[in-house]
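Each of the next two complexes has chain A plus one more chain, namely chain B in the first and chain C in the second.
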Partner chain A sequence: MQSLGPKVIIDNLPLLLDGLGNTLLIAFISMIISIATGFLFGILRTSKNKLLKLITDIYLEAFRIVPIMVWLFIMYFFVPRALGISVSGEFAAITIFVMWGTAEMGDIVRGALESLPKSQLEAGLSVGLSRSQLFIYIQLPQAIKRIVPGAISLSTRMIKTTSLVVLIGVIDIIKRGQQVIERTKEAFWIYGFLFVVFFIICYPLSISSKKLEEKWAN
Partner chain B sequence: MEASKEVLLNIKNLHKNFGDRGVLKGIDLVLHKGEVLVILGPSGCGKSTLLRCVNGLEKTNQGDIIFQGKSIYDKDIKMREIRQKIGMVFQSYDLFAHMTVIENILLGPMKSQKREKEEVLALARMLLEKVGLGDRENSYPRELSGGQKQRVAIVRSLCMNPDIILFDEVTAALDPEMVREVLEVILNLAKQGMTMMIVTHEMNFAKSVADRIIFMDEGVIVEESSPTEFFENPKTERAKQFLNKFEY
Partner chain C sequence: MNFEFIQKVIPMYVKAAYVTLYVGFLGIMLAVIIGLICCFISYFRVKGLNRIIKIYIELSRNTPLLVQIFFLYFGLPQLGLKLSGTVCGVIGLGFLGGSYFSESFRSGLEAVSKSQIETGLSIGLNRWQLIRYVILPQAFSISIPQIAANFIFLLKETSILAAIAIPELVFTAKTLIGLYYKTNEALLLLTAGYLVLILPFSIIFRILERRVRHAEFGS
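On to the complex of A and B.
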């Protein structure tokens, strides 16, 4: 059989882009929700309550220690069976990505809030600010410079990790690529295409995260 | 300026522990309106902790602090309202890094006291002018020297129109050549009759600014006297030893 060469990409572009759309949609929705829930989780994690700290620690470690793939299987196969319901692969994927994103985003927010010297808060208190005013006017504006680079780099990790959703039957760009390969045997060109696509999406994010971090370092 | 007889602050038998260690072991102290009280003592004697207790930044274990006739620990009293009347200037300046000089100064009066912007702005500009920083209102803290930052911090505190200002070793982190510009600002405040509690290691400054000196050691007030008396004729052996360390 004669090789189609790069033409295989052009011929199958609509199919591949359809998969890409699914990949990005899962990453995007998960990230947006994770930013909101991660903020809340991060604020909880700065609490002095020891029990709360322990619970949030365990939650975070659960997502760091157990591979995301295992979590996806739990959410897609185990939980529905235990509850006697059925969930779509997309739903299971977004749920796990949000739970994971909340943990990681929360840790970024916690780190940023705690990096602020305690004396900045005391200075705020000494001009009569309330707890919530302290948060809005002093803590948040200073923490945001540490949160944004971390959040961007988390979103690149999330985009890459979406490649696992193929294992729970979600039709993403990897799955589409595999389908094309099965049909045409053009593994080289299709995987090359996937490489370039992920690079084009993630590299600007990675660079901007680094640039912002440097810019805001002082 | 002569201090009046009106009692502004009355500290009664104040105790503060850090873990098992007593940092303040029964402090009794009265501060009159218009009075400048300087607190001296070796490192770790509890003088900074005492100031922090007055501003409610430290919880205390026993005793009471009466400000303008009411206990600051009273259930009906809101600490943030007390802090609007008791200003504090810190060793590390602690200007808010993300705000310009003028934003730093306006934050408290506008957000916590809900005062009109025009009024506070006029006051802030007048005070900045007075401390020689009239042209720096749009600078960020990182663009200022230590001495300039500390003068801004003093203006930030003054703009709240406080009844007392607490100064916690405000020149300790400064390069020697910047100490004077900050101390002069405080001396001027003393002349205008501002009530102040000052913790410092600058002995000459203490001598010239204080109406009364308190010497603390190991969590208690060891000696209380006028500046002339304290520096020329200290009553206790511990005070003598302390003063000797500042002579070469």
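On to the complex of A and C.
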């Protein structure tokens, strides 16, 4: 067969972009929910309650020790059978990404809150702010400068990890690429294209994360 | 839960865990070597190479391992370069991990304050002594949490190599599910496998981090 070369990408662009849309949608939904739940989890983690600390520690470690790939398998193969429900690949992926994102985002929020100097809290208390006022007017505005770069870099990790959903049957950009390869045998150009696409999406995010971190360092 | 089945397949998991460790260690070794080379090039700002290293680091950090290994395993044969699954896995882990290790080493080196180096020079240390007794011990103690995190990260990333049929833990579990449809048992053993493999490293690194922290003082 005559090799198509890079033309294969242009010919199949609508199909590949359709898959990309699915990939980005899963990453986007997971990230948005994770930001909200991660904030709550992070605040929980600053608690002084020993039992709460232990539980949240175990939760975080569960995702730091067992690979996301395994969690996806558990959600996709085990949970539906155990609960007698049917679970789509997309649903399984978003559920696991949110659970993981909550843990990681929570750790970013906790780190940011705990990095604030104690004098800030004491000064706030001494002028008579309540606990919630202290959080809204003193802690949050300062912590946010540390949270935003971390959250952006987490979102690049989320987008990269979304590539795994092809292994639980989701029609993402990689699956679309595989379908094109089956027809055309142009693995070099298609996987090269996927490599470039992920780079084009993640690079601006990681650069902006780094820039913001430097800008807000002091 | 079928315990007879679990007993029967445990040897397969032990073998798979060995493959995970084997590929993981080779990949991590390659990543450390690439990381050291990149780190020195960017620390000493070697002309020309410095730019290439920067491009490599961005490419490696901003693309998923799955796409990297698919490109190596399925894409390169089209150019006549056919690599085995294991070789692709090790190169993939090395390519991905190299940038992570480079960044951790560099952040350690750059965190050693200038006054430390000047003090070392002023008491008459030569360049080698300076590196050996002043810079490296401090840089290492600063980098170690990141080095440990990278190590565990890469060992976990081996799970993705199942996609190119390397018979590691995930691939074994997937095969068993396909063959016997014993999902619960296969996944239980899979999770247990990673706990047994990674938990000890996680604990050892935590102890190590605490022990080398003394070197952080004096900056």
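Please note the rule applied: the second predicted complex is superposed on the first by the 218 of 218 C-alpha atoms of A that agree within 3 Å, B and C clash if a C-alpha of one lies under 4 Å from a C-alpha of the other, contacts with A are read in each partner's own complex, and residues count from 1 in each chain.
Everything below uses one rule, namely that a contact is a pair of C-beta atoms (placed from the backbone, for glycine too) under 8 Å apart; a residue touches a chain by one contact, two chains touch by 3 or more.
Because the structure is predicted, anything quoted here is derived from the model rather than measured.
Visitor: Using the superposition on chain A, decide if chain B and chain C clash or fit.
Guide: Pair status: fit.
Visitor: Once the two complexes are aligned on chain A, which partner has more residues of chain A within touching range, chain B or chain C?
Guide: The partner making contact with more of chain A's residues is C.
Visitor: Does the superposition put A:125 against chain B (first), chain C (second), both, or neither?
Guide: first
Visitor: Quick check on the superposed pair: does A:188 touch chain B, chain C, both, or neither? Answer first, second, both or neither.
Guide: The second partner, chain C, only.
Visitor: Is A:174 in contact with chain B, with chain C, with both, or with neither (first, second, both, neither)?
Guide: In the superposition, A:174 touches chain C alone.
Visitor: Report for A:164: first if it touches chain B alone, second if chain C alone, otherwise both or neither.
Guide: The answer is second: A:164 touches chain C but not chain B.
Visitor: For A:115 in the superposed arrangement: first (chain B), second (chain C), both or neither?
Guide: neither
Visitor: Which value, in Å, gives the least CA distance between chain B and chain C in the superposed three-chain arrangement?
Guide: Nearest C-alpha atoms of the two chains are 20 Å apart.
Visitor: So in the complex, which bits of chain C are touching chain A?
Guide: 58-59, 61-68, 70-71, 74-79, 152, 156-157, 159-160, 162-163, 170, 173-174, 177, 183-184, 187, 190-191, 194-195, 198-199, 202
Visitor: Going by the contact rule at the top, pick out the chain A residues touching chain C in the complex.
Guide: By the definition above, chain A touches chain C via 61, 64-70, 73-74, 77-78, 81-82, 156, 160-161, 163-164, 166-167, 174, 181, 185-192, 194-195, 198-199, 202-203, 206.
Visitor: Report the residues of chain A in contact with chain B in the complex, numbered from low to high.
Guide: Touch list, chain A to chain B: 117, 119-120, 122-130, 133, 137-138, 141-142, 218.
Visitor: Over in the complex, which chain B residues touch chain A? Could you list them?
Guide: For chain B paired with chain A, touching residues are 55-57, 80-81, 83-84, 87-88, 90, 92, 94-98, 107-109, 111-113, 142, 153, 156-157, 160.
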